[in-house]
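Multiple structures are listed underneath, in structure tokens.
In what follows, chain A forms one complex with chain B and a second complex with chain C.
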Partner chain A sequence: MRNKKVTGIERLKVRYGRMFALPWTIGLLLFFLVPLVESIAYAFSDVSLVNDDMLSFAGLKHFKYLLQEDPNFLDNMAEAVTSFVFSLPIIVALSLIFALILNQKFRGRLFARAVFFLPVIIATGVVMKFVTGEALNSGAALSTAMGETESYSGISFDQLLINLGLPQSVTELLADYIARIFNLVWSCGIQILLFVAGMQSIPDQLYEVSKIEGATAWEEFWFVTFPMLGNVIFLVLIYTTVDLFTAFDNPIMTQAYDLVSKNSVYDRSSAILWGYFVIVGIIGSLILFVYNRLLMKKWN
Partner chain B sequence: MKLLAFKNNVTSNFKNADYKKIASKVAVSIFRYAMLIAVGYTVLSPLFQIISNSLKSDADFMNTSVTWIPTAAFWQNYADALFVMDYWKALLNTLIVPVLSGLIEVVSCGVVAYAFARFKFPERKILYPLLLLTILVPVRMTFLPSFVNYRNFDFFGITKVIGDLIGKDLTINLINTPFTFYLPSIFGVGFQSGLFIMIYIQFLKGIPKELEEAAWIDGAGPIKTFIRIIVPSSSVAILTVSILSVIWHWNEYYLMGLYFNENQPLAVSLSNIMNLISLKGGDTINSHTGVAMASCMLFILPVLVFYLILQKKFIKSIDSVGIVG
Partner chain C sequence: MKSNKAQYRRYTRSGWGNFFYFFFLIIFGLFSVLPIIYTICTSLKPLEEILIFPPRFFVTRPTFENYAALPKLLSNLKVPLSRYVFNSFFVSIITTVLHLFIASMAAFVLAKLKFKGSKALFMIIQFALLYNTYTLAIPQYVIFSETRIIDTYWVYILPYLPSTLGVFLMKQFIDSSIPDALLEAGRIDGAGFFRIYWQIAFPIMRPAWLTLTLFAFRDLWSMQPQGTIFSEELKMLPNIMSTISSGGIARSGSAMAATVILLIPPITIYMLTQGSVMQTMGSAGIKE
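Our next item is the complex of A and B:
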């Protein structure tokens, strides 16, 4: 009698679950999977917007071109992949450190948080182009044609350093590092948010216990905070991967985008993106694999 | 007398305290504030630079001795920016299309997340990886097929079949209509939806199941349970997703620029601002850079106010429960 009732509830739960997921499933097919499959088709076809039949099968033509003839593709790919591999751990570590700082109790904490989350608002959109000065350079050609000579180049750290009297080579090196750190800080907003949120949800009792046991702050971090953040680290890894993958200053993205916007070449652009997607996917699943093997096993 | 007592107190405290501990505490707090100042500088300085440049006249830009503070606030830049962007109309467009579809996503993503977080149905095993895929695939990969689909929109080919039977072309052109944004949002596959669903899922996992089960035993249906139990207890997640969704939609310019030839929102005008200034203003505008910066300020201002109003609640909400885990 009791058993029957349980299976009844289970069956109801299956039905409810399907009910709540149904609209999304329809949307997924209609607005995501169909275009996705079509974009794969683009990569293996010649796309023409003028002819009546848009697609004609071209096999591996575009991939062959990219690998053998395109002068920039391999360089761009190497640059994109190395910057991805370097940035990912740095961003995750940096945002974890910032989140730890923001999570402590200190004077001016509310203000500090408000400042830290500002990039969340600004860094995602068109304003970022103004922050880096790119928006103005894009129209620079037009402006000079109109007789305007003023120039603007983002935030000039170099000039500041040269004014301080440092030699040129040191200045360039420093400016390069500062520019990198600048980009990294600007891309940490969401990750910090996720980490802080995750830290807040760790029950206080765990910290009390570790204090009673006489754990140092270092041990507390490694044995309480870090393991409890498992889910969040997963989320942060995924988000950072996506963010780096789709970043507007990513050379592969720029190449693919320029092909579309300047030359209306959709097929090769699609091939570039899919090639890149596969490579990032392989790296991403490697990271996840290592993450599962090393971290999850240790904790469980 | 008081001073002496204070002194005694301090010395005794120092005697008892571990010197090492104090030293490390001081070191940590110096490190902390150094970090905060460094980050504060990197985040705030470009903003201040935008503000300062938005108030500079052409003469100030030419004058190399003027870096941060303009000789006189040149408000004409803002008047020009209002004109060049066609600000009030573009603002209205922004509210009608991206902001509204952002708000739709707040609801639709919550519904989907409820299914994933609470119910174990067999299809979940296929759908969950697909959810991750929607987050991972960049917009630029699918925008052309999407564009073609919106231009000849037929619901799974159903309208086409009916159209063939009647002998008329029933496919609809959705380009230039808000539905290119509303429709995906309603189905929970719009701009950044996947991420919102993930945030909701992580949060919903933290709500105790007993509440819902009690509601079911009391005879409430699934929809009633969702509205009466789940929605009120996830106000934190709703607030977080609302802020992110509205702001990200506000900032979105890539798809907007593709799907709309006319009635464009603010973000699109801003992304194209230098050309707009040259086209509309030409020689009459004093400083092109200044007007561009003023436009940028006019674009940020509404979201900044929105963020500052909700910011305290937002940060507190993160404090109180946490959106993740």
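Our next item is the complex of A and C:
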């Protein structure tokens, strides 16, 4: 793979190559890289929407404020990080289990896959807000995005559970758990797909050998399937990290969103998000480090 | 993935194991579809059932009156309903097609050519995948206003075009399924760069672009930009939802009916692209 020198179309003019990538590169520059740099600048400046010169340098002011004075930031951060640390392994494990089952031969397999992929198709935008209502979204972000809070009703577990006639505290607890499981299952769609696709690319011979050697299903999983999924697991870990990090019901995201939408405070909002990005980045790389050290080493 | 020979494994051999597996699958599968079923049920409920508290999950006397009420509810929109429908389809289709071309061209070059900055570009793609675009909303807004695309169709279309997921998936797919030799053969036969891309690479990339179609359409269909579109005649279908639901709880049946209708296009596209999605995702995990 390294030896790209022999690439067949190498002799084709690089000029064309550049031209081909140009539209996309310009777009990326304009709508991603420039805003990215700007948002870093925001985090270290005072942003004023009234003055002509929007930015004036403020150093670490916003970060200091967040760490020392802001009443919610540290709590929100702790909550976001805790839920991230718990959710990540659960989501990855759940997706792997679902994928293992969905990769087997049974009647209605395609239908079952569609069922688990369904959240991916509808899990964006306004439609999703109507489908799931507020059960999923305790945060204020979505209701402000919607404009009206009271006027729509999606599925509400607490209300539906009243039908069971249980005491109120039990109902609330149950509704809370259901909403959580629900959130987890709805975060698994892409991951399941990645796993199933990965499993299908594992060569059959490996399974034949393990069968001849008399491996049990359990051993087959740990010595064939799991190691062969190495890259896919890596991909799923990354994907899930990003997904959890950017979820709208995440308290940090809510805080940053509210600052912008309600108070038009852009500088501190950028500082929050960059601070969060750095912390999640550190945790993410820690997880990947452990993953590489402990698991990959074992196989090599 | 081309053949159907024993690719699906049986991990369990005992009946109880199977039972446990499928019990597990069904329980969690229910979680997955519950909101959809509830939405459909509610959309079929007559008013008396909608007003019941606590709400019931299933509908006892299904009726289509919520659907029938939609035309009347939507007749007093500021612009005719057809305009929203047109906008939704126009923006979703145009943007998806443009995105496909732009992303596949970039991915093709990134996968098959080496030039200065190509490595850096791929690094940026991977970083962008990790980064949440929401953070960029404000600086993006500044750029929108500087390029004067606010309150035009462009503000839907342009920012979506460079989305990086598409380029990433396509590049991985090309790496794993288009051998250099094939392109070389095309070159020897006298095809130019564009022809090689268009007549050789593009058709092979079909599963990848079908997958992208699904993702792009999904994102665009439900898009509701904040603060960048003001003209009512440029807004898309999700906007009518707030008009319907502003009627309060009594209208929630109709809101659900509209939701069900809005879900039809993305789900249809999923059913059409299902096999390709699986194939593309299979190449996503391949390194280098």
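As a convention for this text, the second predicted complex is superposed on the first by the 229 of 300 C-alpha atoms of A that agree within 3 Å, B and C clash if a C-alpha of one lies under 4 Å from a C-alpha of the other, contacts with A are read in each partner's own complex, and residues count from 1 in each chain.
Just so we're on the same page, contacts are C-beta pairs under 8 Å (C-beta built on N, C-alpha and C of every residue); 3 or more make two chains touch, one makes a residue touch a chain.
Since the model is a prediction, treat every value here as computed from it, not as a measurement.
**Q** Considering only touches as defined above, state whether A:Ile181 meets chain B (first), chain C (second), both or neither.
**A** The answer is both, since A:Ile181 touches chain B and chain C.
**Q** With the two complexes superposed on chain A, say which partner A:Lys105 touches: chain B (first), chain C (second), both, or neither.
**A** A:Lys105: touches chain C, not chain B.
**Q** Looking at the overlay, does A:Phe223 come into contact with chain B only (first), chain C only (second), both, or neither?
**A** After superposing on A, A:Phe223 lies clear of both chain B and chain C.
**Q** May I ask you to decide whether A:Phe63 touches chain B, chain C, both, or neither, giving the answer as first, second, both or neither?
**A** neither
**Q** Quick check on the superposed pair: does A:Tyr207 touch chain B, chain C, both, or neither? Answer first, second, both or neither.
**A** The answer is second: A:Tyr207 touches chain C but not chain B.
**Q** Is A:Glu38 touching anything from chain B or chain C once the two structures are fitted on A? First, second, both or neither.
**A** So A:Glu38 meets both chain B and chain C here.
**Q** A:Tyr291 contacts which: chain B (first), chain C (second), both, neither?
**A** After superposition on chain A, A:Tyr291 lies in contact with neither partner.
**Q** Would you tell me the residues on chain A in contact with chain B in one complex that are also in contact with chain C in the other?
**A** After superposing on chain A, chain A residues 9, 13-14, 16-18, 20-21, 23-28, 30-36, 38-39, 42, 97-98, 101, 104, 106, 110, 112-122, 124-127, 130-131, 146-148, 150, 152, 154-155, 181-182, 185-186, 193-194, 196-201, 229, 231-232, 235, 238, 241-242, 245-246, 253, 256-257, 260, 266, 270, 273-274, 277, 281 contact both chain B and chain C.
**Q** Note which residues of chain C are touching chain A in the complex, please.
**A** On the chain C side, the touching residues are 1, 5-13, 17, 21-22, 24-25, 28-29, 31-36, 38-39, 53-57, 102-103, 105-106, 108-110, 112-115, 118, 121, 124, 128-140, 142-143, 147, 158-159, 161-162, 164, 167, 180-181, 183-184, 187, 193-194, 196-197, 214, 218-219, 221-224, 226, 238, 241-242, 245-249, 251-252, 255-256, 259, 262-263, 266-267, 270-271, 274, 277-282, 284-288.
**Q** Going by the contact rule set out above, which residues of chain A touch chain C in the complex?
**A** Answer in residue numbers: 1, 4, 7-14, 16-18, 20-21, 23-28, 30-36, 38-39, 42, 94, 97-98, 100-106, 109-110, 112-122, 124-128, 130-132, 145-148, 150-156, 159-163, 181-182, 185-186, 190, 193-194, 196-201, 204, 207, 217, 220-221, 225, 229, 231-232, 234-235, 238, 241-242, 245-246, 253, 256-257, 260-261, 266, 269-270, 273-274, 277, 281.
**Q** Which residues of chain A touch chain B once you look at their complex with the stated criterion?
**A** So the residues of chain A in touch with chain B come to 9, 13-21, 23-36, 38-39, 42, 47, 54, 97-98, 101, 104, 106, 108, 110, 112-122, 124-127, 129-131, 135-136, 138-140, 142-143, 146-148, 150, 152, 154-155, 181-182, 185-186, 193-194, 196-202, 228-229, 231-232, 235, 238-239, 241-242, 245-246, 253, 256-257, 260, 266, 270, 273-274, 277, 281, 284.
**Q** Could you please specify the touching residues of chain B with respect to chain A in the complex?
**A** Touching chain A: residues 29, 32, 35-36, 39-40, 42-47, 49-50, 53, 58, 61-62, 108, 111-112, 114-116, 118-124, 127, 130, 132, 134-146, 148-149, 155-156, 183-184, 186-189, 195, 197-198, 202, 206, 216, 222, 226, 244, 247-248, 250-253, 267, 270-271, 273-275, 277-278, 282-283, 287-289, 292-293, 296, 299-300, 303-304, 307-308, 311-312, 314-315, 318-325 of chain B.
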